[in-house]
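In the two complexes that follow, chain A is the common piece, with chain B as its partner first and chain C second.
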Partner chain A sequence: MELDVSFWLTQFLNGLANAMVLFLIASGLTILLGVLGVLNLAHGSFYMLGAFLIFSSSIIKNPSWFWVGLLLAPLVVAGFGTIIEAFCLRPLYGRERLYTLLLTYGFTLILDDLVLLIWGRDYKSVPIPALFEGRLSIGDFSYPVYFLFIIAVGPLLGVFLWFILNRTNFGKLIRAASTDSEMLDALGVNVNRVFTGVFALGAWLASLGGILAAPMRSVEPGMGVEIIIESFIVVIIGGMGSYLGAFVGAVLIGMLKAFGIEILENFAMIFIYALVLPILILRPRGLFGETTI
Partner chain B sequence: MERIPNRFGVTVLLGLAVLAPVLVQNDYYIQLCTEILIASLLAISLNFLIGYTGLVSLGHAVYLGVGAYAFALLTKNVYPSMWAGLIVAGASCALLAWFMGVFCVRLAGLYFAMLTLAFSQVVYTVAYYWRDVTGGDDGMLGIPKPEIGIPGAFSISLESFTNFYYFVLIIVAVLIFLAWKIANSPFGRVLQAIRENPERVEFIGLPVHRYKLFAFIIAGTLGGFAGGLYSTFQGYISPDLLYWTQSGEIVLMTILGGMYSFLGPAFGAGMLLFIRDTVLNFMEYWRIVVGGILVLLVLFLPGGILGSFEGWISRLSIGGNDGDETRS
Partner chain C sequence: MSGFGKKALIAAVMSLSIISFGATASFAAKTIKIGVLSPLTGLYSIVGKRTSQGINMAVKEINDAGGVLGHKLEALIRDSETNPASSVRTARRLILRDKVFALLGPLHGGAAIAVLQESKKLKTMNFPWAATEEINTKFCSRYTWRVGSSAQQTSRAGAVIAHRLGYKTWATISSDFSYGRSVVRQFWNYLKERDPGAKRPYAAWPKLGENDYSAYINKMQKAKPDAIYVGLFGADLIKFMKQARSFGMYEKVKIFTDFGGNHVLLKALGDQAPFGHWASSRYLHNYPVSAANKRFVDNFRKAYNVYPDMMAGEAYSTVQVIAESIRRAGAVDKEKAIDAMGGVAFNAPEGWIIMRPSDHQGWQSSFWGVISKSKKYPFPILSNIQVISPVEGSHPDENTGQGCRK
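Now for the complex of A and B:
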């Protein structure tokens, strides 16, 4: 019996750690949808870029590699996002939404191959940073410290995001833009700059997710197009544009995957779709969604 | 789309398609041409939704995949007949589209895109993990090319690349002709009206949802035929056919050629496969090239290649110099 409890606890914590990574990606995606009305298919690529950049950083044998990477890589990716938004997405806002979808799909193709070109096709593994090596033991139960670190970082970033959105000027502008960007424009605010900022913030978050996930998963090309589907599902469940919804959705998906695997080994994803299809059909705005898109 | 396709252009195109095997004289290129034909059918089928009805589907690969698996399962496990295989491929996709459509057509815009994406990913997951039936991620090998003809009287083997090419050409030409007839029927006009202004069509008293559903089923059925043809053409299929990036590729073909032109998507399919083939001769990173072209196209030529070309031609011929002068 003792063993059983620790097993389920492990599954629970694994699910939570995966949920936190998912939350970082989905929160950016959902804010982009709410504010810009853009379904960014390249969002998974930002996650992938983050993971590959931290891999490159881990080759440097200096013990501070993880922290340097954690600080710099998201900035690089956010800069990249800024360029994409300012030069390619901005001219498309007045046009049909199909074009923004296609543009981001085009960047998915480009970034996928770019990663292949730079880093090659083989799987990479990123070591766990020295500070978080080993396992934490309480009695018979032990759990990797690094996973606990991720579980702690997720809510911290969540609070940080909440603070940005609700307590800063930039956050106020973001919320205003998601309600009525034309009005904001008429009030003399440079809406373009707000949009660029939101896109960069989303890219920053997604690449951070990639960095945190890298030591617990294998880093490979194609990880971006895979994660984007799960992130969409989180966004759908939580409601497009809802940042709290992204958190709840991510935890739900993380748990479903962690425990679904125990019940039906390969069909865990089926559980998730069994949840998503009725939501999309009956309540397309999601559980927490209010914004109209 | 409103323009009646140029008779001369269509004749030239058909003539080129008929003569293609003689012109290229090379098994490799005959196969590439065959693949382009199949992809053309697929892209035109998707355009029923995107270009005509204004519904952007991100799950069209589901028909390519389900059609392909239906063909493979029937011809390998039950009865090796080309016609039966194709009919089952089309029929299974019609049923699937009907089922999915009932839910999908009630949504619009991004929600429609997401629901089609979610449905197709469900099917992908099933195909990936249901090892006993689909072979899982290994896929299915050795899908036959059954001969066609009348049993006892005569039969034609499709094993030769040229024979198979002509077989595909006939099927695809007939289906595309059918699609063209539908697109230009009163039904097709209503679809375009729905694209432009669904509320207004509703006010006239037409059942918008039902029209959308029919468009959804037509697109799915045609896509299923393309899947069946692809299955026998390749002789090998895998769940990758159903993955969402595959759906993205079909959308890409459609837009590349131009969604407001009936044959535009076919042109886009040809372009994409040709570009991929050409780039692959030099390096394996064809996605960078195609993605780059897509980005440039979206930014500078949103009407698609054939679409913009047609618009340019019609400005020249109809508007005379006026059109050009006001532009410059």
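Now for the complex of A and C:
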């Protein structure tokens, strides 16, 4: 049988597009875990908030709605994250992890109902921005431009994150805080401010994921809870605290989903867990992680 | 002797009048309570909201017209939480403590089956919103009824239309759970019955709530079907449609969506709706163009400032059918109303509904139409509507209702 190149290429790109959305959420989640040691279950809610805010800006009848939303919404969500971190999470840092887990879980429930209150119960759909409408066609092969846009944004943000973490002062502080926050505190650095900054950065990334996903998916309460499970798997695979690990983990999951349905259509999820299991047993710190969770 | 006779007569008349006075007094004080289970919170709360609105409208209309046999109706609407355990708990409370006359809902298939078994035990009629076919077959009982279309009615009607239009090679996609499976199974079996030459090279079963359909869409395109049948509903259907659109499926194949004609869905999709493709809805605000439908839509818009959708119509009609069964029975009596239910006919907004005694299912026409832009409405609607009679669309008598007489 002839190898159907355009079919496999399409499947590959599908996996990649899926992976990039996951990466945006998992990267924030993993840095948060690495630096703060907080498993933020409400992280998916930031993804949801991003999607709802882009829905609101899509109501503007002007082609620039997408760019306005893309710029402003993550800032709004990051600001919201700052407030949550400073006033609700900070008092719990000294205590057992269970408390932060419960608190962030509580936030997922509150935020799900809050978006219902603000945005109402109707089904919502965000259109594809006009610039990315249509498909790119080369011979037999044709692929939606918007998916290509998502695929391009992922690595760009990856480089941006690398730059922040490795080339800026803030990045140095983040890395220092993840190794030894007490020492950093002793050196006179306001560690609390670093923590807040990390949390805001995570919220910013997650909401960006929500914005990119919204034109392809649905905008609904509960969408955050769903994505957080997959993102957590990405973190387990990639390793806690490693944004490179988050990237590799997300791509692995995306590919397993896209090609898994070729092999065992109704049980494609099995491949994901089949990958997680040996990692948990043989390399519990993940592919790129330095410490175990 | 005559004196004694007179005394006895007076006593008899007096006691009779006391009895009848007492009876009317308790009659007048009694309200008929209708218990409703619906998703008021969470993902499907839009469905719950429209359900409540449809119920409240029917109750108000009936009460304004003097009630049922002089009794007022009262709706007790509770959150089903889309969860079998809490649905059953709420159902028990409604029946045992609030003494409801009938129980409506819930929507979720698993919860509906749990609740209908509880209602059977507690001898109270139950009208599940869930459209799963098992409700009319193995889980049916004397106490289980449904007014709105079942999954098999719209999907068999879909097969009638598909056959009429002559598409030969099909791909199907539906969520991997009982309702999703049953929609496509009904469609495909009935199409094969009518057209043994029909082929289906690909059937996709993504999980309920799947976010990314692109891998399935790619496989669908590889199978090169003439048409696809989509059994997805709600937010899943929106996601699938948007992704199918960006992959160019709207131009490549004919799309048939079992649920896609619903107003709330078409409104959400707006300009991205699959114009020119076929869809069905259990209720349409723009069809039939009848006095009953016009009155319903006008009143609904006046009360809530939105167009009624599928669940609003179904909820409204269910309350009306229960009221009619009580009128037919001539008494506010749970068992007598059930005896009178089979054969109840109601001129519903979507057309006449007749409660079929064999499988306790409201017999009614199904509607399929083409998704179109409209000058009259600021959202897409169905036009070129095809009415499939229940004779063509419903299961034949002998194949259904196995459990209903138990």
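Rule of thumb we're sticking to: the second predicted complex is superposed on the first by the 283 of 293 C-alpha atoms of A that agree within 3 Å, B and C clash if a C-alpha of one lies under 4 Å from a C-alpha of the other, contacts with A are read in each partner's own complex, and residues count from 1 in each chain.
Here, a contact is a pair of C-beta atoms (placed from the backbone, for glycine too) under 8 Å apart; a residue touches a chain by one contact, two chains touch by 3 or more.
Here the structure is a predicted model, which means the values were calculated and not measured.
In the superposed model, A:T108 makes contact with chain B only, not with chain C. When the two structures are aligned on the shared chain, A:L280 is found in touch with chain B, with no touch to chain C. Shared-chain residue A:S242: touches no atom of chain B or chain C. When the two complexes are overlaid on their common chain A, residue A:S231 makes contact with neither chain B nor chain C.
Legend: residue contacts after superposition of the two complexes on their common chain; A:P221 is shown touching chain C, with no touch to chain B.
Once chain A of one complex is fitted onto chain A of the other, the partner contacts of A:Y146 are limited to chain C, with no touch recorded for chain B.
In the superposition on chain A, contact of A:L116 is made with both chain B and chain C. In the superposition on chain A, A:C88 makes contact with chain B only, not with chain C.
In the superposition on chain A, A:S45 makes contact with neither chain B nor chain C. In the superposition on chain A, the residues of chain A contacting both chain B and chain C are 112-113, 116, 266, 269. Within the complex formed with chain B, the chain A residues making contact are 33, 37, 39, 41, 88, 91-92, 95, 97-99, 101-103, 105-110, 112-114, 116-117, 225, 229, 232-233, 236, 240, 266-267, 269-270, 273, 276-277, 280-281, 284, 293. The touching residues of chain A, when paired with chain C in their complex, are 4, 7, 10-11, 14-15, 17-18, 112-113, 116, 121-125, 127-128, 135, 142, 144, 146-147, 213, 215-218, 220-223, 226-227, 257-258, 261-262, 265-266, 269. Put simply, chain B touches chain A in their complex at residues 50, 56, 58, 103, 106-107, 109-111, 113-115, 117-119, 121-122, 125-126, 129, 243-245, 248, 251-252, 255, 284-288, 290-292, 294-295, 298-299, 302.
Within the complex formed with chain A, the residues of chain C that make contact are 41-43, 45-46, 49, 176, 204-205, 207, 209, 211-212, 214-216, 218-219, 222, 234-236, 238-239, 242-243, 246-248, 264-265, 267-272.
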